[in-house]
Amino acid sequence: MPGRILIILFSAVGTVFFLGGTVGILRFPDLYSRLHPSTKCDTLGACSIIIALCLYSGLSADTLKLILIIFFLLLSSATCGHAIGRSAFKHDIVPWHKPGVKPLPFEGEEN
Amino acid sequence: MNASFNHPVLIVVVPLLFAALCPIIGLIRRSLVVWLALFGTACTSFLALSLIGRVTPGNDLSYHLGGWEPPWGIEIRIDTFGLLMVCVISTLGILLVLYSWKYMERELPANRLSYYYTLLMLIYTAMLGFSITGDIFNMFVFMEIFAITSYALVAVTGEKRALRAAFKYLLMGATSSVCVLLAITFLYSVTGSLNMLDISNTLAELSPDYIRVALAALVFFITGFSVKAALFPVHVWLPEAHSIAPSPVSALLSALVIKMGVFGIFRILFTVYGPGFANETANWKSLNEVVAWAAALSILAGAAFAIAQKDLKLMIAYSSISHIGYIVLGICLLSYHGTAGGFYNVLAHAMGKASFFLVAGCFLYKKGFRRIEDLKGLGRSMPISSGAFALASLSVIGLPPSAGFIAKWNILWGCLDSRKYLFAGVVLLGSVLAAVYCLKVVYYLFFTGPRMRDTRIEEAPAAMYVPAALLSLGTLFFGIFSGLILPSLNSASRILMIR
Amino acid sequence: MNWTLNLVLLTFLVGTAFAMIMLKDLLAAAVVFSAYSLIMAIMWSQLRAPDLALTEAAVGAGVTTVLFVITIFRTVRKENR
Amino acid sequence: MKKLFVILALAALGVVLLWVVGKMPEMGDSRTPDKTHVVPRYIEDGVKEAGAENLITDVILNYRGYDTMGEVAVIFSALCAVIALLDREKRGVSRSAVDASQVRSSRIVRVTVRILFPVIFLFAVYLILHGENSAGGGFQGGAVIGASIIVFTLVFTLIESTRDIPLTLRVILESLSVLTFLAVGFIGVFKGVEFLTYILPGLSPGVAGALRSQVFMMSIEIAIGVAVGAIFTSIVFAMIKEENFELEPHIPEP
Amino acid sequence: MSNFLLAVALVLMVNAFLCLYRAVRGPAIQDRIISINIVNTKTLVVLLLVFFVTGTPQLYIDIALVYALLNFVVTVAVSRYLEAEGSELRRHAWKNPDNTV
Amino acid sequence: MNWSRIFQNLNYAVSLLLFLMGLYTLAMKPNLIKKIMGLNILETSVFLFIVSIGMVDSGQAPVMAHGAAQQVVVNPIPQALILTGIVVAVSTTAVSLSLCIRIHQKYGSLDACEILGREVA
Amino acid sequence: MPVSAMLFVLWLVFTMKTNREHLLMGAVVSVLIGFFTSLMFNRKMDANFSLKLLVKFPLFFVLLAWEIIKANLDVLRRVFAPSMPVSPRIIAFDSLLETDLARVVLGNSITLTPGTVTIDIEGSRFYIHCLAEAHQEDLLQGRLERMVAWLFSEGPVEIRRLR
């Protein structure tokens, strides 16, 4: 049954993405890099599981609402990521650099 | 279906209506709000007094809200005790609003006055609703209203210590509310009903498995309500909150709000559980004993602390703890004289203590005095206020021609009735201690200080001393004409004990 | 009412409550409080109470936490001890 | 030492409570007293008698409408309390730790809020209007309205927000819920039946039960929603107000 | 099928539990907010999964919508104030407030 | 004590645990805002307790669809009560938080030990 | 009015009912909210909506979705790789986009796409946090910016052409 396989596929992919988000949160060295998994992996994980649910419920009245949820999720998570990053930036939290790499000019003083 | 058919609910609804109107009128003209509040309380008290003939002992007035019959809908049930509470609250309400008129003008900025009166009307709504409801969850809701408003009223001046007192009050009050909610949960889980009479009937034939849960509910109810009533071990919030709040609020809290806690204890012990539950288990009686002990301790501790105070309002606040002890002791004696005496003390103490606080407010307003030592010779410069204080102190001590005497006499009688001689001793000792702290103030007022000729009369505004004087005259009136109320209280208590 | 999910949710509830109590940074505690009420909302929907879940979500995520945040910024950020 | 004592006391309390709870009716059992005594009538006849498909709405607005009146009064008194505590007329310098009014928020956030604000608002209205047949209702919708205006206020400054929602309107809206409740109740009183009985002015009692109830419940829901939204907004405005604080000495007590 | 979805929900909850570590540990407040944000997203998805498994999603889906709409309220509120605090620290933003607009 | 019974009634046990945690916070944490959070935990725990009582295994939410056959429905009363309870909790929280703001203005601190003198209320 | 129309569509999605009462209710509600919103935002709201945008947006969304998926796979790779090949940095660049909305859409798209998070926008200057060097180069090629410019039909001609 292709529908079932798709559902399982989508939810598995979503779970993997979520797992990536978690591991990223735990592993990454500094705040700014932790923003990446949180805004991207989580959003996509949520989206794919929601798509799986769309398939699970079939085309019903709820599908449109689910799509709406996806849309709001994208919008709000991007905005949240930005807002957190900006607040950290305003707090002068200096990004972490790899030891070998020459740090780029902070705050874009010259580029 | 006569015209007064809807009066029971209107008692609750009318002050609420005026509470909602107050901010709107406040936007238009701030000076009108006082008159609106006065009018509202007057209407309420008219409605309450009009019920007097309709409730007789053993013949409760029942009103089904929304037309749903009791176990399904909410029932308002007015018995003699509820009627007494309602009349006391609504009548005192007029006087307190009248008193606030001049007093609060000085304490509060003009833009907050209308919200002060809104809070006042809301607290009346809540107390009236609390006294006459026949549904435990409804009781909880009204309890929350008067709790929230009283936190705000304590802190309304924004004074430094008032805020601290209000926060302390809030923490303890909110915890006690949670206790009550938990008790309602326990009780609901074993009886499946929220209506008091229905619960009472179910409890009488409760399956033995659930007795434990019902008892836990009882314990939590009593814990929660005794925090609200400021019984001895959990009274710590009271002195500060009552002494620092503005005087009309102190009078309100002392005379009425803590009585609500007592009334809650009464409702739970007698209307909800009652002697019917006692037949199943001896625990109900022993719990009554425990509460009575706590009450006895509050009598002594409150009076002892009151003697030690230097601050007038603080002294009065501690004296409230003592009197709450009297009321609870009377209720928990399981003798109908005791219960009637306890409820008579509700009336006597409401008038006497409110008069005390209002007089203290007069002193504070006119002279700025708080300390007892500062009151020297004030009896000559402020004769009416001081006279009111002296008259009210008769009632607080419990000397013969006053209402307090009748109350304490009946409580004493109850003690002897149920052969608790120790408690009788406590009652007498409490009176002696009360005499010490009251007469100290009276002594300072009248028998010290400059001579009569040197002083001019500087009385507080009439809107302030008239309520105080009326209240202390009221204690005298109900002392002399105790036959107006006491017989029906007696017979209602007797019915309560038999059931 | 799936008992495994129930167990996990209850554990989570206790965990968030514990974190909320133990965190010294009040702002962090407030943010954890929002997570707490969201978990509570799932509990409500587990218990078949959609109205409660909706209320908890709206109030917990929208109102109470914001009130906490505003208060914390008007007063102090860190718990002293 | 004190900590240990408190923990021991709490543990004792916990053991006692566990002992009590051990005797409670089992969870999930459908034959417990609370499900057999009063509730069956709600479940069997609730939709017919009270008018809404959502039984919770039936209970809170019809069977136990008086409680809900109390609930409305609770939140109204909370509003009065907050305003009485925080509202000041004098102007002065802010004493708050962080002064957010000085900084404008990020443009991305501003535009996102601009997009989401009407949507959240619409959703709130949807919640208010559909309390009868699905989850939702006046209070929830009102909370969401409040949240939307809170976001708006936080992202744009308070001055921009208060200008658009004038005080007078807010005060009237806040009182609205209580007044509507009372109006609905008084309709019954004037018709000569109990308070909060849902009777249309034109109809005699007992005609067309469900529809009649729905009209009243809907109007109460709308009033509660609007008022709760206004109340939350006002509470947050009162708490957030940064530039309106009197200058007070900031010396801790010795 | 529904068991599979429940298993997914369980895995997500465990994930969220791990994220809580960062919320407790995280050095900066922003770290905590990030992790709580993740927890909230996961919670939303779990909520949806539970609803669909329960069988009456149309009742509950509004709750998920409320989450999705209000999820960012807290984050925006906190970060807004943190920004203000940060600029208070740097003392430049309010000297010419127009530079961020 | 029967373990399977506790497992069946896990919600009761956990809400008791939360109750105790809330009480602990209320009693021991010096910070006033922390105390308010503890109060919230306390209230929520009781809410969880009462709604758990109304639960029925394999019951549905108490929303009757049009013309639905008689189905097993959980008890709607606790939910209606808790709806009120949540409102009360929010109101209490709002009032207490505004008190906190004023206290901080006056005392410059939110530490109960500093505000109340030596005792921790 | 365009806001109200959008809101009406959303209302339909929310309610899922097409009774006459519900439609009427929706119409009234959405008009009211549209009015209220325009009041709150000083009528700045309506300028940004146009019909063309409505057509272009789904296409843009699909393109963006593809980018998002790529971004995720990339981040996932970096997260799970044992050596964690990241070297984060903050860069700044100036965008040629003019209107607010376009810049915001660009900012959000950057946040959602490979290894980059918008930290701040000051005027036309974007501060971006990149996870690795590859992302920085990818970003500075300006493909996203062109997409957004195409979406809103603005900016200089050289970036308005899509790819």
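Each chain carries a letter (A, B, C, D, E, F and G) given by its place in the written order, and its residues are counted from 1.
To be clear about the criterion, a residue touches a chain if its C-beta (ideal position, glycine included) is under 8 Å from a C-beta of that chain, and two chains touch if they have at least 3 such contacts.
Remember, it's a predicted structure, so these values are computed and weren't measured experimentally.
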### Query
Shared touching chains for chain B and chain G?
D
### Task
Name, by label, each chain that touches both members of the pair chain B and chain F.
D
### Message
Applying the document's contact definition, name the chain pair with more C-beta pairs in contact, E-F or C-D.
### Response
C-D
### Query
Where the centre means the average of the CA atoms, what chain is farthest from chain G?
B
### Task
Can you check how far apart chain D and chain G are, centre to centre, with Cα atoms defining each centre and the answer in Å?
34
### Message
What's the distance between the Cα centroids of chain A and chain B, rounded to whole Å?
### Response
59
### Task
Could you give the separation in Å between the centres of chain F and chain G, each centre being the mean of its C-alpha atoms?
40
### Task
Note the residues in chain E that touch 2 or more other chains, in rising order.
16, 33, 44, 58-60, 62-63, 65-66, 69-73, 76-78, 80-81, 83-85, 87, 93, 100
### Query
Can you list the residues of chain A that touch 2 or more other chains?
35, 43, 61, 65, 68, 72, 75-76, 78-79, 82-83, 86, 88-89
### Query
What are the residue numbers in chain C that touch two or more other chains?
1, 30, 48, 50-51, 53-55, 58-59, 61-63, 66-67, 70-71, 73-76
### Message
Applying the document's contact rule, which stretches of chain E touch chain A when the two form their complex?
### Response
1, 4-5, 8, 11-12, 15-16, 18-19, 21-22, 28, 30-31, 33-35, 37-38, 41-42, 44-45, 48-49, 52, 57-58, 61, 64-65, 68-69, 71-72, 75-76, 78-80, 82-83, 85-87, 89-90, 93
## Note on the structure
Given the complex, residues on chain D that touch chain A span 105-106, 108-109, 112, 115-116, 119
## Note on the structure
The chain B residues in contact with chain F across the complex are 137, 141, 144, 148, 151-152, 155, 158, 160, 163-164, 166-168, 170-172, 174-175, 177-178, 181-182, 184-185, 188-189, 194, 236
### Summary
Touching chain B in the complex, chain D uses residues 17, 19-20, 23-25, 32-39, 41-42, 62-67, 69-71, 73-74, 76-78, 80-81, 83-85, 87-89, 167-168, 171-172, 174-175, 178-179, 182, 185, 188-189, 192-198, 253
### Query
Where on chain F does chain C make contact in their complex?
7, 10-11, 14, 17-18, 21-22, 24-25, 29-31, 33-34, 36-38, 40-41, 44, 47-48, 51-52, 54-55, 57-63, 74, 79, 82-83, 86, 90, 93-94, 97-98, 100-101, 104, 109-111
